[in-house]
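Both of the next two complexes hold chain A, though its partner changes from chain B to chain C.
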Partner chain A sequence: MSSIPHDHAAGGHEHEHAHYPGGIMRWITTTNHKDIGTMYLWFSFTMFLVGGVMALTIRAELFQPGLQVVHPEFFNQLTSLHGLIMVFGAIMPAAVGFANWMIPMLIGAPDMAFARMNNWSFWLLPPAGIMLVGSLFVPGGAVSAGWTLYPPLTIQNGMGMDLAIFAIHIMGASSIMGSINIITTILNLRAPGMTLMKMPLFCWTWLITAYLLIAVMPVLAGAVTMLLTDRHFGTSFFNAAGGGDPVLFQHIFWFFGHPEVYIIIMPAFGIISEIIPVYSRKPLFGYASMVYAVAGIAILSFIVWAHHMFTVGMPTAGLLFYMYATMLIAVPTGVKVFNWLATMWRGAITFETPMLFALGFLFLFTLGGFTGLVLAIMPVDIQIHDTYYVVAHFHYVMVAGSLFAFFGGVYHWIPKWTGTMYSEKLGRIHFWLSLVFFNVAFFPQHFLGLAGMPRRIPDYATQFTDWNMVSSIGAFGFGISQFVFLWAVIKCIRGDGAKAPAKPWEGATTLEWTLPSPAPYHTFETPPVVK
Partner chain B sequence: MNDTRRRSDDPDVRASIRRTALVLASIALVFFGGVLASRLFGDQSIGMTVVGAAVFLFLVLGIGRHLGRK
Partner chain C sequence: MERTSKGTRGRRLAAATFAALAALPAVSHAALEWNLQTPVTEIARQQFELHTFIFWICMVIFVGVFGVMFYSLFRHRKSIGHQAEQFHENTVVEVVWTVIPFLILLFMAYPATKTILAMKDTSAPDLTIKVTGYQWKWGYDYLQDGFGYYSSLATPLAQIEGRAPKGENYLLEVDNPMVVPVGAKVRVLITAGDVLHAWWVPAFGVKQDAIPGFVRDSWFRAEKVGTYRGQCAELCGKEHGFMPVVVEVKSTEDYAKWAAEQKQKVAAAAAAPSGQAAGPAAMQAALR
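What follows is the complex of A and B.
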């Protein structure tokens, strides 16, 4: 439920005075959820740029056939690190940044339940990020087996793989601590009167995401621990030469990896569910069904992992089970898409930048979901497994899905964060450039995949040249467009824009809009009463 | 550290927060231990045993606390 009648006067009184050290010590020692959320978002954007530069180097190499820009070994390192950095360093921390900023304000809590652990969760990330990026410079270079870290290649990789394992452990610990914090906060610190079924949907999506994280991050940690012992302590969990089973790693990895896809997309669902009702000036259609759909997606995500490995050789019954189970996910996902459409139906819609990104998300994520359904069809997947069709599919889900939702979320809440309205002109330029160049970059990859171009190769047959050129031009355009976003955000932080009122959006009804803009350092120390 | 004042200073709320966090942390440990144990001892049933034993323990503790309160 996105519309919450509340009695702010009864208890929502704020403290304007903030006591914190100045300079860098504020950021190192802070336990304030807003400061920590800000740090998560900046860390995420920095890693997005780092991973983005890697992507552009990949696309520069693929602009034409032959080897022009990088050596093949380095190309493999770039594709591997690009994936790891974007998943663990950019998208997940961005979602946690939103959670930190918004969950306490959406549920009327003064802060996260474990404020000091929150600080620690964040500060584990920069060393892990540095380790991942730094692994490029150690002897043997970074991990080059892809972000999925499949053995036997990862058993044979150099020291960079050890750094990647260490980084994944640290980021995993950070994620688990963050998840414990989020669940504990939501279950224990909601304002009086705010029952679970009155919570804004963003909190629901994060509550379920956090449970998923707690269940699957330890499994990934277990898998990479076994890789580590295979590499250095003489075990043979996955080493076929010692009697181990490399395919087992794939099963364990994807038991983590498939729910991970939903860990990445569900907070984005939450943000979209906050944006669409506000700019449609209608309550979210089918709130309860949205909650059940998210829970349904989460449960199903645990039983579909082997659709990522249809080609390893499985019994037909197994193939059929994973195919049908995967298709089943389209049902709750469809519920969500139709509920968003129904929310807009006959609404008084306006098209500010957050709504544009939400609509972009809706259109492109649905396209990405549809290609996922194509890939779920086992006989088709066997033909296009590990081709550029798969690359196109997951970039539609992760970039046009998660990233567009995060951009929409930033534009939606930045007036509350900074006290300054963003430039609508810059926001629109950012949206249209991103939308056009994203499609120019990734839509042709469907054609390349269907024509048989394999992923993770630095060179290719000449018949793939034209669409690769188009894709590379799109990728560079998309990358450059993000500086418009950076400019729009910096303008807000510098106060260069109209002053934001407490509630800049007419249709906004959730608790954060009862606070002044920018939100005071301490909020809801006396809880509001939700009626 | 600069801290914020929280209404979670209420001892009951603190106890509830600690309890929730402990349960969640133990779930993470069970999954980590389960996946390692199942491979370490070379038998899938070991992993199932670890997870099953943990679920059983959670149930016993949950029911025990409930009865204790009565």
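What follows is the complex of A and C.
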């Protein structure tokens, strides 16, 4: 297996790997996993801010009943683009950024397996992002049928919808290439002695995520292509008047969409599994069962999609099957949570910022998991489907889940990335502000949904006023708090802080901490031997 | 010294925030809503109870699990000198925390399954009404009685744009509500004329997508006379937020009177010289 042709033909091996073009050309032509990882993370953060501004505009409109800030048609464009940008532009690229930076370091490889394809899979993203954001400015505006793109409404949309379709195609191609790269890297470039069951868990979660991506991104591409031909080439896949079925799209979309949910959360699981043992000074509890749990979740994710469609009207047998299968997911998810708790149990716990974010993740993600269980119960889902309860649920798992894990990951590894320790004070401020404002923003949305406020509406009945005000205040607080994060990161990049040792965390055991900080341009020129 | 001033500032900020939050209810129009609406059908009651049941199970697990976490965070801190142990595997424990959640799930699935079976039983209705979603209004057709009409938002634009004070049923009022008799099993056949919509009345526990080209059904048996309000629950374009569902539940006598009036109007429209036939267009004109 991991036999890289590393002939140490003595002096023939020149140590001038670090020569690269300067300025912008370095970033355009780079094939280095660290440069590309950095670009992924900055792209992700930029899109996070763009999508965040959209979210805050939505929350400003919803601060009180009546129409004040935007028109309903623009409101719908904002909710749709906010979803697309956050899912495809912010969360997924951030996960790939972590994969690029960390997987070679965690498995003792010099770089990713396909370095040029790595460059290409990143550089596909900015055009896609520009198309998505730019679609706001074309005649008819951006897609306004929600990020789920349900026809027939999407058939009514203007050319903004076509731009969104092409952006999804491009981002899908990027994801597939990234996944092939990650799978190949993990399967072929592991250091001698590192068997699959010795890999850090982050590599496992990404390996499984990459398979999920390869399985479902083509499905999404197929679905949006069918939309495209329905819109322009006279087909009727989803048009009832031509013999098509609007519900068919929902089946195809959610066959992609549900695994997508785990694509978003599993790299986060991996990061949390790296963080908790380090700050508990104790090995991860139940490593093997963690791997099986992730694999179990991945397999189940393919047979539960129709729980997003309980209200379309399915046969009783279908409803029962999807309800039971969905409830089953609670079992492997529970195993993961229990293993993390057992990892902390009788450890020697300290509370640096990465650990704070991991704990925030654990607490709030589990809360989101419970609301997921409530939503899985079909009769209850009938009441809260397409309400703010669902909005609260998926923000608990995507923001307090994935995003918090990514924040934790940045604080955990930024000493290695930049060679400078982050400011613990800024990190803590960022954590506590994020935690408090996140809950102020999203917890009341559970009540709104239960009380009967539908999602995706620009104006609401007066009994929903109070919680909406609270939610908007929280959202603005959360948005502004992210500048603390930006500041903390920029300080590290500028070298404004204590110099980071090779291993700044006492409990760290993985390979990346054997490298100097900042990590050298080429990671492991000679593979380390893992015992 | 610096610490104190910072502490005061923090406290002042916290106090200001708290005051702002505390002042919120003062600008509100109604009490805070916390839970599902009061059910007026058997199905909605079962959904309500199912939600309460699962909520408490989750709460118990949540408190238990995070009780353990906070205990560990408190007792196993490095700062109080706790030494890390190095155990990292225990098959018995893993099996236990796989099997117990599974059993809890079975416990939840049983009542849910019973409710689903009840919800799907649309047989033997007393009254069948066809509901059609349009951008952006609802059409109600009383199939057995041969009349029908549209139901659209009655809230004036001035209230939406803030030029007039908002009424009590802001955005939840329509010109012609659906009318049904109390205690009768009403079957609704739901479809759409253009894009997806969803017909939803929280108090009845009915939410069903309206799909163009397809007819789906659902049912309810309202137990109390009154007016019940819901909204379209599937994004259907720019006025998605402005197509409420209002159902008036009348006593059997009042309903009979109302239905007779509707039938009379249709007949009058058919007899009128300008009326072509009792087609939908004439019907609409008659009812306006």
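We take it that the second predicted complex is superposed on the first by the 514 of 531 C-alpha atoms of A that agree within 3 Å, B and C clash if a C-alpha of one lies under 4 Å from a C-alpha of the other, contacts with A are read in each partner's own complex, and residues count from 1 in each chain.
Definition applied: a contact is a pair of C-beta atoms (placed from the backbone, for glycine too) under 8 Å apart; a residue touches a chain by one contact, two chains touch by 3 or more.
Predicted model only: the values in this text are computed from it and were never measured.
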| item | value |
| --- | --- |
| Chain B versus chain C as contact partner of A:187, first or second or both or neither | first |
| Which superposed partner A:115 touches (first chain B, second chain C, both, neither) | first |
| Comparing the two partners chain B and chain C, which touches a greater set of residues in chain A | C |
| First, second, both or neither for A:214, with chain B first and chain C second | first |
| Contacts of A:21 with chain B and chain C, given as first, second, both or neither | first |
| Which superposed partner A:176 touches (first chain B, second chain C, both, neither) | first |
| First (chain B), second (chain C), both or neither touched by A:463 | second |
| Shared chain A surface residues [contacts with chain B and with chain C] | none |
| Of chain C, residues touching chain A in the complex | 20-21, 24-25, 27-30, 32-37, 43-44, 46-47, 50-51, 54-55, 58, 61-62, 65-66, 68-69, 72-73, 76-79, 82-90, 93-94, 97-98, 101-102, 105, 108-109, 112-113, 115-117, 119-120, 159-162, 166, 168-172, 190, 194-196, 198, 200, 202, 205-209, 211-214, 216-218, 229-242 |
| Complex interface listing, chain A residues touching chain B | 19-21, 26, 29-33, 110-111, 113-116, 119, 176, 179-180, 183-184, 187-189, 214-219, 221-223, 225-226, 237, 248, 252, 522, 525-527 |
| For the chain A and chain C complex, residues of the former touching the latter | 65-68, 71-73, 76, 144-146, 150-153, 156, 240-241, 244-247, 280-289, 311-313, 316, 319-320, 323-324, 327-328, 330-331, 334-335, 337-338, 341-351, 359, 362-363, 366-367, 370, 373-374, 377-380, 382-383, 385-387, 447-448, 450-452, 454, 456-467, 469-470, 473, 507 |
| Residue ranges of chain B touching chain A (in the complex, touch as defined) | 1-8, 13, 16-17, 20-21, 24-25, 27-32, 34-36, 39 |
